[in-house]
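Below you'll find a set of structures to go through.
First subunit A sits with subunit B, and in the next complex the same chain sits with subunit C.
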Partner chain A sequence: MTRLEAAALQASSMIEPTTARTVLSVENLVVGYPVDGRMIKPVDGLSFKVREREVVGLIGDAGSGKSTAALALLGLARAPGKILGGKVEFDGRDLLKLPDAEIRAIRGRDIGIIVQNPRSSLNPMLRIGKQIGYAYQAHNAASGQQLRRKAIDMLRMVGINDPERRADSYAHELSGGMAQRALIAMALSSKPKLLIADEPTSGLDVTIQAQFLDEMWNTVQQTGSAILLITQELGTLANYCDRVLVLHEGRIVEDAPVREFFANPQHPYSQQILKLQRERGSSLGLELPEGGVKPLLQTRDLRKTFAVQHTKKTIQAVDKVSLSIGRGETLGLVGESGSGKTTVGRCLLRLLEPTSGSVVFDGEDLVKLPPNDMRRYRSKLQIVFQDPFDSLNPRWTIRRILCEPLDLHSNLSAADKNKRAEELIDLVDLDRTLLDRKPRGLGAGALQRINIARALACNPEFIVLDEPTSVLSPRARVGLIELLVRLQKELGISYLFISHDLTTVRYLCHKVSVMYLGQIVETGTVEQVFSRPQHPYSQALLSAHLFPDPTNRRVDKVIPAALEGEIPSPIDLPIGCYLASRCPHVVEACRSTPQTLEPVDTGQEVRCWRAAAGEITAFKGAHA
Partner chain B sequence: MSSQHALSQSDLLPRRRRDWLFGLGLTIVIIVVALAVVGPYIGPYDPTLTTPNVSVPPPSLSEIPGLFSAWISGTLEAPPNWMGTDASGFDVFSRVIAAPRTDLVIALVANGLSLLLGVFLGLIAGYYRNTATELMMRVSDVMQSFPVFISAMVLVALAGRSTTNIVIALAFVYTPIYVRLTRAEVMSQKVRGFVEAARALGNTELSIAIRHVLPNSLTPALIQASVTIGFAILLTAGLSFVGAGVRPPTPEWGLMISTGANQIILGEWWPSVFPGIAISLTVFGFAVLGNALERRYDAS
Partner chain C sequence: MLFRYISKRFAVGLIQLIGLTIAVFFLIRLLPADPVSRLVGMNSSAEAYAQAAKQLGVDRPLLAQLATYLGFQPDIAPGLLQGSLGVSWVTGTPVTTEIAAYLPVTIELVTLSFILALAVAVPIGMFGALNPGGKADKGVFVYSLFAGSQPEFWWGLLFVYLFFFQLGIAPAPLGRLSPMSSPPDVVTGFMTIDALIAGQFDIFVEALHHLMLPVFTMAFILSGPIIKMVRQNMARALQSDFVLYANCAGLPRARVARYALRAAMAPSMTLIGILYGFMLSGAVLTESVFSLGGIGQYAISAVLNYDYPAIQAVVLVITAISLVVYLALDLIHAAIDPRIAY
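This part shows the complex of A and B:
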């Protein structure tokens, strides 16, 4: 069955949703954990239904009870938690009332589950084929050669190349994406009627994420299973789900078809997480003055290489990157993991010493500054890191954390520093009572705001934001993006926003540069790059990204072929274009000619001679 | 991460058992520390003076209540020898409670010294990894490859039997443990985000190492210290036992066991067994406390 046929089938089954049989019906499910003598109920009165062949998305913040609920559906709870009440009706039987042996037979056979972190879910001691075989054997009579053939068939079905060889690999020999697919193969081997997928793509790269979800969707269309897809990503909901459930404080607060959910969310929580989608950046006020802005920070031919241990080889992490960021402007730096975007951010602040090239900030080449002068400059250039849990000293109070930059760069009295700390905490919309707490126990959103407050302490002119929203839950993410935009408007700061999340980049950035293997392959305004990407890599990246737009679903359209193969090793880079081995537009000349950034008709600069010559077919981004 | 409700290991262990052990360890440690302060003064006899009553056995269990009331009412001409006396006429009980002054002080000072030195060297070795610090680690490996007891004995034998030399020897043999623990923790802490953030804020490397990395790297060494104190007491006693420790008549458990050992064959078990029990309880107390601390640390 092709994707389009499957989509048609899906659509036809949606016409009469009421006639579709209910596979799973949850009523008033309660799960409790005893904590200090009290019962905390992460799942408290959960009720919903999943129908045959339906893809149901379950979204909610961290701590809303998503994973606890997923386990409880199988009649499980992490010790010392207990299922306190309710009904989980599957195929007409209440799972919570079944004897252990019967419910075990249902788990894995009739209800498959895929959890986060694929590699730790595979047994490192068993070959992949064996593991899939065992999963199948647990519920079906089969033996030896049959099992192996079944495992290979399953691997082929989930889109793994060369399944015979992969069946004999161990978990550590698979990439994250492949491991995740092996898990789907295992979960689907006995054709379950329901597949529960708990954030199956967290930690995967954008392109792999989309491929994986495509595979899951396709496979399920073939086997006729229903999916309960637990996620924190609006993009995943919009592109793959038929219906959306919003979990908030252990309860379903909204249950709507996907288009209706995005068009007209009812619950305040849903409205909050969809705020940016609904406003579409218009009220964020990203307009820049006519005629451009004065450059604040410029890099020229920035290079960073790392020596590979025990060899004479080097890794080219950043290759001749030239950027320019104007005052009050945000430049987005996007690319997959390993593209060198984080290294660029570190090099700008000399947290890593660039191998060569210059970083000119306000007329001064930072690379040439002696360490003491560089330290003084640090009040003007700041950075906010990806992991908020890790970037604050766990032993210090928030007050001391916020005062540290003032200790280093100002002569304020203790009282003035205190006052400044209070100003800062107000500035990022946090409560002043937090000042005397330590970071422990605060949520990711609050911690990331504290990181931002600390970066702002000495009135910097430029901040590197290194994936600041990637570990945040949907609501905290929206709040942080709004905060960043507001701060920029009020304080006139410039940002370098490093991210793999194109949706956020689109809201937050004025310009965007796309990186691949340490090089910038395309740079232009957000409008230019998002609506008319010219470089084949940008096109691939954009087409793989899951934009939260249910009217333009990935599963409903023909997707241009994804890039073939894997990213080449940054140790032995090709002579010509780095993308040549994977590019659908490759010609012989690409393999031998090093590429340079050239302006193209649409306004941006592109590192692809064929795009510069207008030889690459236009691609409709249609998302800007 | 959506599993905010996943509970830490500590919640999964029966809470009462952990607290019971922690309480027991803490009680033993408090008693030993208190005895180190007042022990030599509260015993019924002077722990360093002999009495004419040689090899008096301890009172039998049935005699204890009667003796006790007689002692309280003051009708005895001399205080009873609760644990008997040894072959030289020392009162075993007075010496057992006076000994922590020697054992604990040696163990504490030696431990303190090795903790300070070890943490300092560990910080340097973990923060600045170069040929010099790698060389230091290899030297410490060599030191650790000798049994602690043998190294300490050789050092004391070379330097002479004095309390100072015992302290120095103990400090020397325990330092590598702290170096290694601290170094490992420093290496994992120095790559954390808040360290890079501190650098981005304009701290000097020295200030990052001392203000950010060091305080976050102390816990393993401090937990180890609690366990090591117990073993240092054992080692101090062991050195005395083989004749490389403090000199008689200093009240010291190992020495007491050693001098009493000759009498065991005659059935006079009390001069050795009581100090032996005292050592066992003390080491147990510190070890349990250390374990409890470690579990709490792991849980957090």
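This part shows the complex of A and C:
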């Protein structure tokens, strides 16, 4: 034994009581894909251990090999990939050396896996209950009615309402969240000793995500198994994991207990992704001048409805939204999917025509402008979309993409346009050599920078950022946030930052508005809303959000009850408060009285008469 | 729901058929041909010609002829509304009777060929997808190119030479039964079924024996595209997320293969339906080689003789059958794949 190994052994015995048995031990695992005659190795020399009753987090960038590694632990690789070498020892046996029938017996029975894309992972042609039954039958002696009963029990356990009916559904009839639960039910049906969860909550809303991870965590605590939790979210790591593994370029570059990881990351990659956490926003310099700033854009009673086809009904997407954004200021717009955030962003630019209300930009009501005059304002107001891939023409070079707005809004000569394109690419910290490439093959982070550069081409004063970081890897996200802050400081731009990720909002925004069912329910400074949320919906949203803080873990504290029930349909809205059917503080008056935004003592405005009257107990956010 | 869907499909099919009937009626009459002189001969007198034209009804205005054909003037002659497809201008027999004699031959041939082709092609395609790049897979690839690239009458002749002339295990390619046997009473028109109904088991075996080579020829040609299609759909199914997950859950190999096969067969149904409709008239070359006298041959002689009622009837009947087959296969598709909504 070398000194290094001895040190490592000693270190690991300090972290974990010596009684904890190793469940899984991976050594030098290599997975390769043939690409153009060469072998690309997304997993290249992976080694780590998972012990009993341990929740181990595995984090890494997009393309770092996380999902490939997860499959390889079961001896599987997506075609045409192959496991080229290494050892996966489970219960003392090397899985990679077992014959097909024996490894099939271990998959699902001893090692369960939850994958990222639940709906496509369920057989579209079989009823959910039947599939769960087959998975159970593969490892347990049971048949007929027993299988169905087991499937229903499992569905009930993972929190599916009316499991008897759901057992007879097909995958395409389930929502994403329900499909995810069905997959969990299948993965847990044989009580595996190890659960591999590959981004189990990607695509779920914050409130459901937390509920869901809580359930998974509880299940594992009860059954005494171990979890390998693969994630791109620092919040998930901090709140649920005991130990963190960092995967970079196909191998583990850091292996540390969760608190140590957040307090003192060792590898440069870890330091990069934790940069914002550790600096706590202080160096981002979000201070605004004393006494506030002059408003640049203000909306009053903005409404947007969509007609429902073949009926006289309408969907209320945005309802009486009034907001104000100052020069050089960032307003965060948060809420779950379907709350109307994106519609607000598009109405500001008249990409969607508002049904009523005004959008005053620099003294001019944009809604009233005839199309020709509106065109003059287009260069002043820009937008960056969520999906960086779809918003760039794949057939154009980056240079042409960046020059397009100049063609439309300026009279520059060709040489000047080229010069401007080079300035823009410098401005977003990309290499000038990219100018003559096409978007194909670039990462999401680089593409999103190009989208931002294009938005900046004509010196806008205001940019709508519609979830620009949500598809980015942790490292690209950190880079993009820093870039946005720097650009604001240098160019004095105002942002409307639309996001469901409260952690990012906290770093980037001065003020924040919380939306629910098309209405703003609370608006105030980030400090006010994050540390003392007043509206019951803001409180629920904040308590469900997983902040990347391992000293205040969700699993270590009593969690306030989540909102119950379903979001009402935006077609048949309640008369009174929209949250009344789900609110823990509801009284009879709430159901009949329409709510208005009212100022409260703590400084922000809240659309809840009980909060305005000081009747709702304060909630400790403790995260601002 | 199902009943509503089927009635809707039938209603749409009926509209298609009516449109088709009218279109075909006019299109045939646009042909630069004179069916009357074909019947009475080039050198006949003007009176004989006029007499024949009057008999066939072609001296009347086109719209009046159409009305009669559709059955709006039953006092002149029964039409479609009365369930009559008209009388053949050449033989003078009702077209319905003639079709009833010719159509079952083709349906019997094509259906048996499809059953054989599917029975062979599906397992082979499945095997190829499960072992991609293997020897069998490569062999199948060569076969499907080879078999499909040469016309079926040519394969038919080769098989006759090999199995009848050289090996002597197949009967002579001279119809549905040997000239010495007497056919059973016609009930359905299908030789095999009629033989069974009549209780003549020896005739049943003989009919099958005579169908052996033509069915083999057709299946030989059909298998190529079916294998390719099954293999491709199966390969795609095997790479799908749910098959990967089935492996992750440790399901037995046989169960995983069944998952994939079901996913592969669902989209194959559409192509099989189109192929079947196509083969109803496309079987004519095989029918000719084996002297089977099916609907394809009937259609060709009708066209060559300008026998307008017969041409119209063949188009109508084959279209109707194709529509029913499409509907049946769409229903099977929906039964396999619950995502298909009516």
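Everything that follows uses one rule, which is that the second predicted complex is superposed on the first by the 605 of 624 C-alpha atoms of A that agree within 3 Å, B and C clash if a C-alpha of one lies under 4 Å from a C-alpha of the other, contacts with A are read in each partner's own complex, and residues count from 1 in each chain.
Just so it is clear, a contact is a pair of C-beta atoms (placed from the backbone, for glycine too) under 8 Å apart; a residue touches a chain by one contact, two chains touch by 3 or more.
In this text, all values refer to a predicted model and were calculated from it rather than measured experimentally.
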{"item": "Fit-or-clash call for subunit B and subunit C when the two complexes are aligned on subunit A", "value": "fit"}
{"item": "Touched partner set for A:Asp387, first subunit B, second subunit C, both or neither", "value": "first"}
{"item": "Which superposed partner A:Ile106 touches (first subunit B, second subunit C, both, neither)", "value": "second"}
{"item": "First (subunit B), second (subunit C), both or neither touched by A:His409", "value": "first"}
{"item": "First, second, both or neither for A:Arg78, with subunit B first and subunit C second", "value": "both"}
{"item": "First, second, both or neither for A:Ala135, with subunit B first and subunit C second", "value": "second"}
{"item": "Subunit C, subunit A and subunit B - angle at the middle CA centre, rounded to the nearest 10 degrees", "value": "30"}
{"item": "Touched partner set for A:Val115, first subunit B, second subunit C, both or neither", "value": "second"}
{"item": "Which superposed partner A:Glu199 touches (first subunit B, second subunit C, both, neither)", "value": "first"}
{"item": "Which partner reaches more residues of subunit A (counting touched residues only), subunit B or subunit C", "value": "B"}
{"item": "Subunit B and subunit C, minimum CA distance [Å, superposed model]", "value": "8"}
{"item": "Set of subunit A residues, in rising order, touched by both subunit B and subunit C", "value": "78-79"}
{"item": "Contact set on subunit C toward subunit A in their complex", "value": "238-242, 244-253, 255, 259, 262-263, 266, 336-339"}
{"item": "Residues of subunit B touching subunit A in the complex", "value": "1-7, 11-12, 192-194, 196-204, 212, 215-216"}
{"item": "Of subunit A, residues touching subunit B in the complex", "value": "33, 35, 40, 42, 60, 62-68, 78-81, 198-199, 230, 232, 349, 351, 375-376, 378-379, 382-383, 385-387, 390-395, 404-405, 408-409, 451, 454, 471"}
{"item": "In the complex with subunit C, residue positions of subunit A that touch it", "value": "71, 74, 76, 78-79, 100, 104-109, 112-113, 115, 117, 120-126, 134-135, 138-139, 170, 172, 183, 186-187"}
